[in-house]
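Once you scroll down, you'll see the structures, which are given as structure tokens.
Paired with subunit B in one complex and with subunit C in the other, subunit A is shared by the two complexes that follow.
== the complex of A and B ==
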């Protein structure tokens, strides 16, 4: 674009360039103000209000009592359920993120390598992404059922009846069972993103690697993966943030049980806010503020660790 | 030529037209927000009460907005604190926050309480005032399959109540015969797993001490409480509950009891009928299903083996910010006439807090209601299910421990007692 193209345009009714600039500013405001207003009303104000609430013991009419950092002190030093929820969320996030991204990449490579029936496989693997958490949760709750669930049926059928479990009813397996369900739902999404990135790789680079007699493993490790690195980092950060806020699937499948074995920070906040028969939103607000801070801190840490700040696009 | 008088008359008509029609004395819209949109019998009753009130007050419109429970509660949480919301709304007894925060109006002088049972009114009485009109009521019952009981060679005692030892023996017999002794599941509800334990605690302790236990004034380490936990643990270890207890949902547990695979007993609120008394293809029990009702087992050394839990469900409150409190109360009175109470039982198939006088039951479920009423004879009631009475960490402990983990076989008696004490005991 040249400098002349940026000059104000003289209009048909003879307005000078100054007038055109004024119109432009008004137009600009017309576009910006609604967006800013929506942001202020529905994002900034709720965030600020939540931070304020976290320092209060609240009644429903807004008649809060200022308690300073007391809620945070209670959460950090005396609330065992909170730390159980943090532990579960951490396991879910770390294991889930690694499995999500690595699994998605493997599926994408499988399709990229031209596996048989790749079109069908792509549809099958992507279909769970289109389902709501409610549907996915109900389907997998049935699959995990002790008596009539498919998983225990298969175990009995292949002679491994001793391994049958109440998958969602045992504190030792419940979190992993939910995690597998979550992976099943989201692998297809990561696969599609990785596949798109693979398809966009420069053919000449891959061709040059083949000319150098580079084997598929070496090509994957030394050529493809480095070029996919920005995509994988973005997926990692997005997956990480999503899992730190995990609520829907856990709520539908286990409600945080048994014995808080699948309680996540989000389900705990919800319970404290709405299931404890109290209107006091101060304490759950404090958990939400604390957890948001932790998520931001972890994301910043990840960006620093990966040293790829300028290439992240989430 | 248009005269000044004509202009004045025309202006007056124009002004009237601009402000709408001439207002009647009672040109009012009474707004009601109700849960249970998916229960046609209840919808019909509440709409009928609205039409009855409209007929008594020309110009009055009663507008009922139907919700599901979560949607209703979310809407109320937003509307009430801002001084808005409907004139009348659906509440349940665990929602005491509406009282403590001054969001609903006391109804002592507004509602005709002669039509409501005293025990039901007591549920909504706090600090000497009554805050909502109870409509629905139910008791905790132990349903059983008469044919299966006979098959096991057992006979129900004349008072319909096994001793705790006999009940344990029955559970072992059933399990040996490959019959699930107690159909229950906690996949989607915070209470079905605790029926047997809670009712046993109530009988063992009596209403006063049981109330103290739930309110944190009696330790779960009390020997009587520990004794009851030990007995329930014996039931659990004997295989009383289904293996898919942890994931079985409420609807599925009904199906489990009266269809497939079948179970000997089914502890449930008497709202059992809401799911069971519908056509089989909609998940109901077969017309010839041999349904019986027994009392929960008698506990050794019990304070009150005739005690049972009664609970109030659907209730209606008047918004403290309503400008039409008297009309709102009149709507509540329309819900609570003896005729409406009778119609409730006959169409909703459930008990009600509304006095109905002596009813001769008729129809396909007459035998059921007769037996249900027999099981109430001589009963001493404790009002409120634990999940409704408890709050905060104690409620959470109840849901996780007494409802799920303990009957699910995941905890020892000591662990369960300790966890409950940590959540509930204030001593």
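== the complex of A and C ==
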């Protein structure tokens, strides 16, 4: 290998493309400054300010006194409602995430197995994803209604009238009722992503499994799931984040009640900030900081664990 | 089964069909479960509250189309609708422009600090909304933007910008550099290149982000409920919630309001279902 071979073959072309990727500072700034300004003013600054607020007790006029880590101490060691909210959110997140990803995969398989009119079904199944939480929440509040809701109607109709409930009014069922609604809204989303991943699978692999006379369960567990692993992990992380920050649906359907049965961390933050009329933004800020830290830590941890697992498997 | 198929092909096909019945039944059931509630709301939106309380699951006869006019004016859904349209429209236009410019710069130009800048802006995707909302409330209050549509637009641009840039940059970075070299040879300025090449060619990705942002913001609730208080400034989700709070029992009118907020999305979805499905799932597939 001679020195000349190490040089770019067509020097002028190389320079031209080099030149095309350069631009004057003024032009560059013109392109980037709007985005950077929005980012600094309305994302970075508010985040830093929330973190700063979390060490304060803020008065009604916005005048703060520095209290150090006192807010955090109060939250972690004395605030029972916070821990109730944490446990609700944890149930929501764990059960919801698993059901979300597994359900999405099963729905995708149903369509992938050659359903008639699968394109139309796909479009209909995806509709709830496009609807707002307000729409979904109100519709389901009606469906759960004790007197004229569809759920109790059906129960009475099939002779299970003994099971009828005030689904959102009973602390034992409220959390699950909201969770079912949340799943109903998001299953279509997971289904579409799984379906895209399934269609990208090499046909030969599934054909080979067919030849080996795999049952559908074996095929699902040993062939399809491992091959879709990256997609499923992605969905798990997305679903996890969404459920940890759960606010809208709970707020619309139950407002956190009855008796804190559906209180999530986000609804508690909102209540402490805007409904308690204490005007003390310091305390809710501390909860928000604590919880956001948890979410980010968990997401990083999950990504790390999953990546290691992937490395082990392949 | 194989032997049976040889002797009685018709019978075997019939067996296959029987075996598929539970699966077909499930497909039908899930279709009813997902689509049914919207049909139900559509039917209720044409019925009066008394009719609904008499028989919640019945057809609208006669159909009270006048309820839509009443909802639009007397119940102020018209005001809420325009507020939503203004806020979401402005936010989507700003997001598309600002996002495309930043994505273009990140994808096209080599400059010092490019990686750091990219990381900083994209880290915005990781920020949980609660971390923003409390002090955004204070900040907008200070700037005199609290309880204004403009303030809400800014909040929306801030929350969706990272995702927009992420999607657009991914697409722009794949465009062949030769195209831009050629344009420069032809004497295009940097702005002409952006306006006449990146934007038109990037249309598929831009359409994706427009759909995504439109749907997310049209449905947005948390920022709206914190940043708006005036009745005349409420967006649709807030307006419906407010109406629901004040007239808990007027189910017929609430249903009409729900329909007004669903209708634009259903119409768009019926026409562009593939684009919208692609748009909504864009951030999650790589």
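Here is the rule we use: the second predicted complex is superposed on the first by the 260 of 314 C-alpha atoms of A that agree within 3 Å, B and C clash if a C-alpha of one lies under 4 Å from a C-alpha of the other, contacts with A are read in each partner's own complex, and residues count from 1 in each chain.
Note that in this section a residue touches a chain if its C-beta (ideal position, glycine included) is under 8 Å from a C-beta of that chain, and two chains touch if they have at least 3 such contacts.
Every value quoted in this text rests on a predicted model; they were computed, and no experiment measured them.
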{"item": "Fit or clash - subunit C, subunit B, common subunit A", "value": "clash"}
{"item": "Which superposed partner A:128 touches (first subunit B, second subunit C, both, neither)", "value": "second"}
{"item": "Subunit B versus subunit C, judged by how many residues of subunit A each one touches", "value": "C"}
{"item": "First (subunit B), second (subunit C), both or neither touched by A:278", "value": "first"}
{"item": "Touching partner for A:257 - first (subunit B), second (subunit C), both, neither", "value": "first"}
{"item": "First (subunit B), second (subunit C), both or neither touched by A:199", "value": "neither"}
{"item": "Which superposed partner A:65 touches (first subunit B, second subunit C, both, neither)", "value": "neither"}
{"item": "Subunit B versus subunit C as contact partner of A:144, first or second or both or neither", "value": "first"}
{"item": "Partner chain(s) touched by A:87 [first = subunit B, second = subunit C, both, neither]", "value": "neither"}
{"item": "Those residues of subunit A which subunit B touches in one complex and subunit C touches in the other", "value": "62, 148, 274"}
{"item": "Interface residues, subunit C side, partner subunit A - complex", "value": "23-24, 26-27, 30-31, 33-35, 37-38, 40-41, 53, 56-57, 97-99, 101-102, 104-105, 108-111, 117, 120-121, 124, 126-132, 134-139, 154-155, 157-158, 161-162, 165, 177, 180-181, 184, 190-191, 194, 215, 218-222, 225-226, 236-237, 240-241, 244, 251, 254, 258, 261-262, 265-266, 269, 273, 276-277, 280-281, 284-286"}
{"item": "Interfacial residue positions of subunit B with respect to subunit A in the complex", "value": "73, 77, 80-81, 94-97, 101-103, 187-188, 190, 242-248, 261, 390-393, 395-396, 399-401, 404-405, 408, 410-411"}
{"item": "Contact footprint of subunit C on subunit A as seen in their complex", "value": "16-17, 19-23, 27-28, 30-32, 34-36, 38-39, 41-47, 49-50, 53, 62, 107, 110, 113, 115-116, 121-135, 138-140, 142-143, 148, 150, 153, 184, 188-189, 192-193, 196, 234-235, 238, 241, 244-245, 247-248, 251-252, 266, 269-270, 273-274, 281, 284-285, 287-289, 291-292, 295-296, 299"}
{"item": "Subunit B-facing residues of subunit A, complex", "value": "59-62, 81, 141, 144-149, 166, 168-171, 255, 257-260, 271, 274-279"}
